[in-house]
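Structures follow.
Two complexes are shown next, each including chain A; its partner changes from chain B in the first to chain C in the second.
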Partner chain A sequence: MPITTRSRLVASTIAVALGAGTLAACGSSDDDTEASSGPVSLTYWTWAPGMDKVVDLWNKGPGKKEQIKVTVKKQASGDTLVTKILTAHKAGKAPDLVQAEYQALPTLVSNDALADISKETADAKSKFADGVWQQTTLGTDAVYAVPQDIGPMMFYYREDLFEKYGLEVPTTWDEFAETARKLKKKSPGTDLTTFSANDSGLFAGLAQQAGAQWWTTEGDQWKVAINDAATQKVAKFWGGLVKEGVVDNQPMYTPAWNKALNTGKQIAWVSAVWAPGTLNTAAPGTKGKWAMAPLPQWSEGENVTGSWGGSSTAVTTDSDHPAAAAKFAAWLNTDGTALQALAKESGIYPAATNAQTSGAFTNPPEYFANQADFYTKAAEIAKSTAPSAWGPNVNVAYTTFKDAFGKAAKNKSDFVAALNTMQDDTVADMKKQGFEVAQ
Partner chain B sequence: MSSLAVRKARPAAGTTPGTAQGPPQRRRIALVPTVTLVIGALYCMLPVAWVVIAATKSGSELFSTFTFLPGSGFTENISDLNAYRDGVYWKWMGNSALYAGLGALLSTVVSAFSGYALAIYRFRGRETIFNVLLAGVLMPPVILAVPQYLLLAEANLTDSYLSVLLPLILSPYGVYLARIYAAAAVPSDVVEAGRMDGASEWRIFTRVALPMMVPGLVTVFLFQFVAVWNNFLLPYIMLSDDEKFPITLGLYTLLEQGANTPALYTLVITGALLAVVPLIALFLVIQRFWSLDLLSGAVKS
Partner chain C sequence: MTTARRRPYGVKGAPYAHPSPTTTLRRARSAPYFFLLPATVLFLLFFALPIGYAVYLSFRKVRVSGLGLGSGARKEVWAGLQNYTDALGDSELVDGALRVLGYGCIVVPVMLGLALLFALMLDSERVRLAPFTRLAIFLPYAIPGVVAALLWGFLYLPDVSPFYFVLDRLGLPQPDLLDGGPLYLALSNIAVWGGTGFNMIVIYTSLQSIPAEVYEAAKLDGATPTQIALRIKIPMVAPSLVLTFFFSIIATLQVFNEPTTLRPLTNSVSSTWSPLMKVYQDAFGNGDIHAAAAQAVIIALATLVLSFAFLRAANRRQKQEAAR
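Now for the complex of A and B:
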């Protein structure tokens, strides 16, 4: 008996302590901090390699003049970083600036973690393509981030092997399917490419190219259309090719995939502008044998591409100096010297249109030395990027994609059923999180 | 040998129930257990062998040559790792050593105190405290990381060395183990005898009980050291400054550099290999303390 009373006492003590902690948390977050003039020190969470060197340019140049010092804290990229930012935000300790992928912005905004920097970035807008800028406004008048890099999608192929097998570079997806079939007939052990169920970003980009708008808002309600007609078309197309056995169904970025690219067992790759870097590590032996072409189109004469990857610089609501932080974000992503340094140190493909053909991008990447106009072509393709539409739980949609499509690709079963699972799970999660979802 | 079970044994000078006392078993190699163990060893050693061999491959050999064919890039990998951002890897290694070494030491000290107290002293609430601790053992540390972050954020301690060390100091598992061990290895007779001779409680603990508990505490230390060395989520949430990262986090940042930058596989593999070396060294050095187990003890039973 005494034990139970005692344990109850312990339990209630803990509860009281926790409660006090929570109250204190509420109290401390109300601190009013005025934007003061004088030296300002900002922290910046980013995963881009070499970012510290780029930020040094700011600290020694314009930052010194304005007395705004930025410190880089290098992070690991990915969905886990979003969780980390949100956890820090809960404690009121998020850094002043964060690097965020476009699809993560709605999640961060719906948690009230990002500040509206439309006032400070009014001049920056003109430097970006509309489709890119629109991703940082989420269709509102606010601006939640400045675009940094983009990943317009392209078609990469082994020039020498295409010639050897007598294949033409496909300009439409129908031709793409024909090419895959033709190759399978000529060389049964070789695949044109693979459908990887590990990379949700690739599928999202392909759907985007087909015209899908996965998340849209209607008044106060979200509309989720992951299984809309456009996406179904994409799913059916790839599901058909996998079922037919003319493209591989193994995931990308594995040692086996690297080997397949190296040995010419896979001779093409649907990827984005950053592919040269990846190919350099994945298939170092085939350097100079690849070429890049625009993504195949759904109908003749169209000119649209999707995007895969890309990120932006955002200012958090925890920042004591949002205006100073926004100033830095605008400089980092629009200033000529900053962008050249970013390209050189971090290897990014800039979102700012004027930087896409200047300086570091006049010569092709080393891996594509055989294609002199690589970046001119890339800039041309980047202009044709279809608008994207991200929602507040992209991570959930992506996880279910991996599960459902992973299974479907492995069993060569119905891709549309997998797509429906993705839609249902995403809607269910949004409702659970308390979003209004229109059916 | 004293009984291993925790029980509220009276301090009476009775004998504990004897264990089986048959003659030693004949030595012969049992086929089935041996084969099972060999398979188990292979299963555990194969990934290690992979890491060792992959660390010798240069970037271009890593995925193109036969998996278990040693490459030619080991020294180059080491110097690349050494050069990466002015040797930040060694900084991570030092941080890991600090977190694991100091953290494990502090937590062993706390475990020793509390384990001894829970095993030897009788006081109100002893069982309650022990039960709470048991609940703590069942609680995976992972789910505590976020609440701990929020608590330390209150104290403005996040992103500091302390933020990683503090949550490690109290290890429910360590206390649990220390209590079990103290109950088994420190006979109450000895404690009583010390009191009779007029030794203070502190003296009895440090001079009499502690030496008896050493093998158990070594185990606690090793467990904690390995747990902290491999810890990921707690430092991941607590730290944002990569100069304070432990090795696990540092290597993770090398893997996840964003979509447009390929992972630095050769560096990560070489880094992972080097990160295991201190653990192996520690085990080899400390292992001999375990053998004390059979020799220690002051009471014949």
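Now for the complex of A and C:
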């Protein structure tokens, strides 16, 4: 009897100790508090595949010289990581470096999770397009991240099927609508594309192309303009096409969508520079049959695109070595060797302008072997990216988009009403939190 | 010489005397607490403490000042009951509760009805291949909920589902299972498919423990198999039925996996379809853990009230029947 009790006690003690150990292991185990003296070791949360190989180049090269060692911890992507960073930050245990999408930066800054690295990154600014760099400053004098990759939007279409149905590649959105109608007449079972409500980034990018500025600041106040004229135009356009029944209303990234792309039931996709990777997974059977063109424009002769996706490298306020971390972030996203490796190992499209035409991007992606000038064209399009304007609760706006536009797409009802819901919910959330919002 | 060493009890000054009766008593009294200690410590650390923290969080909120950028722009302050009034006034939470109610009205009766039917059939004497059938009905329970929901989700998608292919070939109508009313059936189907086996085993085990004499007596009295099932078996497994019903209600209130897994496949399931999805969305999508904590507390209290009300009603009924 006493033995049983004791062993159970031991077991429970171990359980408690293990629990405590796991909790402690969640944070970075960085103990040295002295800044930039002696060897420094940094933790980096990222979801980019193959990042450990790129970081190895740093650890063996410049990092070794400067005695700064970086360790990669692979994470889930996007919003999930933002939540995790904020939780870790609350405990004062956020890693030194994090990967963050541009639209998440205001949320992170608003939670005081990101350090100002303007001093260390002064030289890096010139390597990026202004519109890209501006996203990391939030319109202030501070710099909260170094841009890593961008997602300029483009129009992808089945070259063979466009020819088969006698369609021209649309250069304006009016032509796009006409093309959709023409296709529906010729082949009622085929759709030009789908309006999907399950990725808010696509809609945000389209609105950006139309000239929308969803969040801006005026003195000490935020101005939210999600239902501004430009965005209303985009919402009306797509809502009209869905109601007319000339584009599909089913979500992307489902097995049904994959099949539709594979079998030619959908013959075009409004996407971004990273589309070749997605198409390769979704529609492997149609490799070599697709082509890329610039996004249709709102008025003829214009040359603007939006961006969908893209991320940056940021330093957290919990880091004991922000200067060392910023040095690494700058190297990772501006150094030639690093960018080559990022393109090769992680498959990203670099934000640094000179890297977009570098060695890694002379040949087209394998899926687009038929379009030799894929990356030359892409670099050209990237230059025309409209500036974006993100606010501190993009997450709320994005969720409302999915629910409101999902419902509207399903019922083929008024998209502008859905857009107003998005605006109202976003403003209500900001006010509830205490942000000063101009009306 | 060995006998000389032995001393009779009660001899004064005996070196090996037993401890005094009071010490024994004290040790005996403290023993249960000692045994309870590990469980209590674990309960406090991993159950009571997190619950207490969630309750604490539910009375707090974050207050942003100005643009909310830079350090010190965000402060955690007391919110009083604001999170609770917000949650109760939130139409999405109420609508979610109603949706789950509708879903539960399909799932619970169908699942328990089937479980009881299968258990009775397996328990009857004429059944063949009983062990195989039992396993076949139970097997879906062993499949993780998310996997089951994914499997069914793909089967519901007209473009990839073999069922739709067959319907198409036969020229039959092809209903959209991921929309409106049929969506409830589609979701319920996943829960029924996965849960029937477990409930069947619970009822079946309780059927097996009914003593054979009871059946013998019934047969001697001339009862038919149907009468035996209705008048002996079902009343005697009533406690297990109560138990399975109780578990099913709780599982229904906590439905999360199935709608969350089906969500990316259709526009019909919103991010706040069920109350728990709303909690998840607020905590991890919108980053408002305080509102989420308040909603979680409300859901927990509602579950508690419902469960106790049901158990009480069931107990009272059983007592009444026993008194008759």
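FYI, the second predicted complex is superposed on the first by the 404 of 439 C-alpha atoms of A that agree within 3 Å, B and C clash if a C-alpha of one lies under 4 Å from a C-alpha of the other, contacts with A are read in each partner's own complex, and residues count from 1 in each chain.
The definition used in the following text is that a residue touches a chain if its C-beta (ideal position, glycine included) is under 8 Å from a C-beta of that chain, and two chains touch if they have at least 3 such contacts.
All of these numbers come straight from a predicted model, not from anything done at the bench.
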Report clash or fit for the pair chain B and chain C bound to chain A in the combined superposed model. clash
Figure out whether A:Ile348 sits in contact with chain B (first) or chain C (second), or with both, or with neither. first
Touched partner set for A:Gln433, first chain B, second chain C, both or neither: second
Is A:Trp298 contacted by the first partner chain B, the second partner chain C, both or neither? neither
For A:Thr281, is the partner it touches chain B (first), chain C (second), both, or none of the two (neither)? first
Considering only the touch criterion stated at the top, classify A:Lys259 as touching first (chain B), second (chain C), both, or neither. both
Could you tell me if A:Pro106 is touching chain B, chain C, both of them or neither one (first, second, both, neither)? second
First (chain B), second (chain C), both or neither touched by A:Trp45: first
If you stack the two complexes on chain A, which partner ends up touching A:Lys407: first (chain B), second (chain C), both, or neither? second
Going by the clash criterion at the top, which of the stretches 21-29, 57-65, 93-101 or 111-119 from chain C hits chain B after superposition? 111-119
Touching both chain B and chain C, residues of chain A: 80, 255, 259
Would you pull the chain B residues touching chain A in the complex into a rising list? 59-60, 63-64, 124-125, 127-128, 131-132, 146, 149-151, 153-154, 158, 236-237, 240-242, 249, 252-253, 255-263, 265
Show which residues of chain A lie in contact with chain B when the two form their complex. 2-3, 6-7, 10, 21, 24-25, 28, 43, 45, 47-49, 73-78, 80, 84, 87-88, 90-93, 95, 149, 151, 201, 255, 258-259, 262-263, 272-274, 277-278, 280-282, 284-285, 308-311, 346-349
Given the complex with chain A, which residues does chain C contribute to the contact? 34-35, 37-39, 41-42, 45-46, 62-74, 154, 157-160, 179, 264-268, 270-272, 281, 284-287
With touch defined as at the start, can you tell me which chain A residues reach chain C in the complex? 5, 8-9, 11-12, 15-16, 19, 79-80, 82-83, 86, 106-107, 109-112, 138, 140, 197-198, 217, 220-222, 249-251, 253-256, 259-260, 265, 317, 392-393, 395-396, 399, 402-403, 406-407, 409-410, 429, 433-436
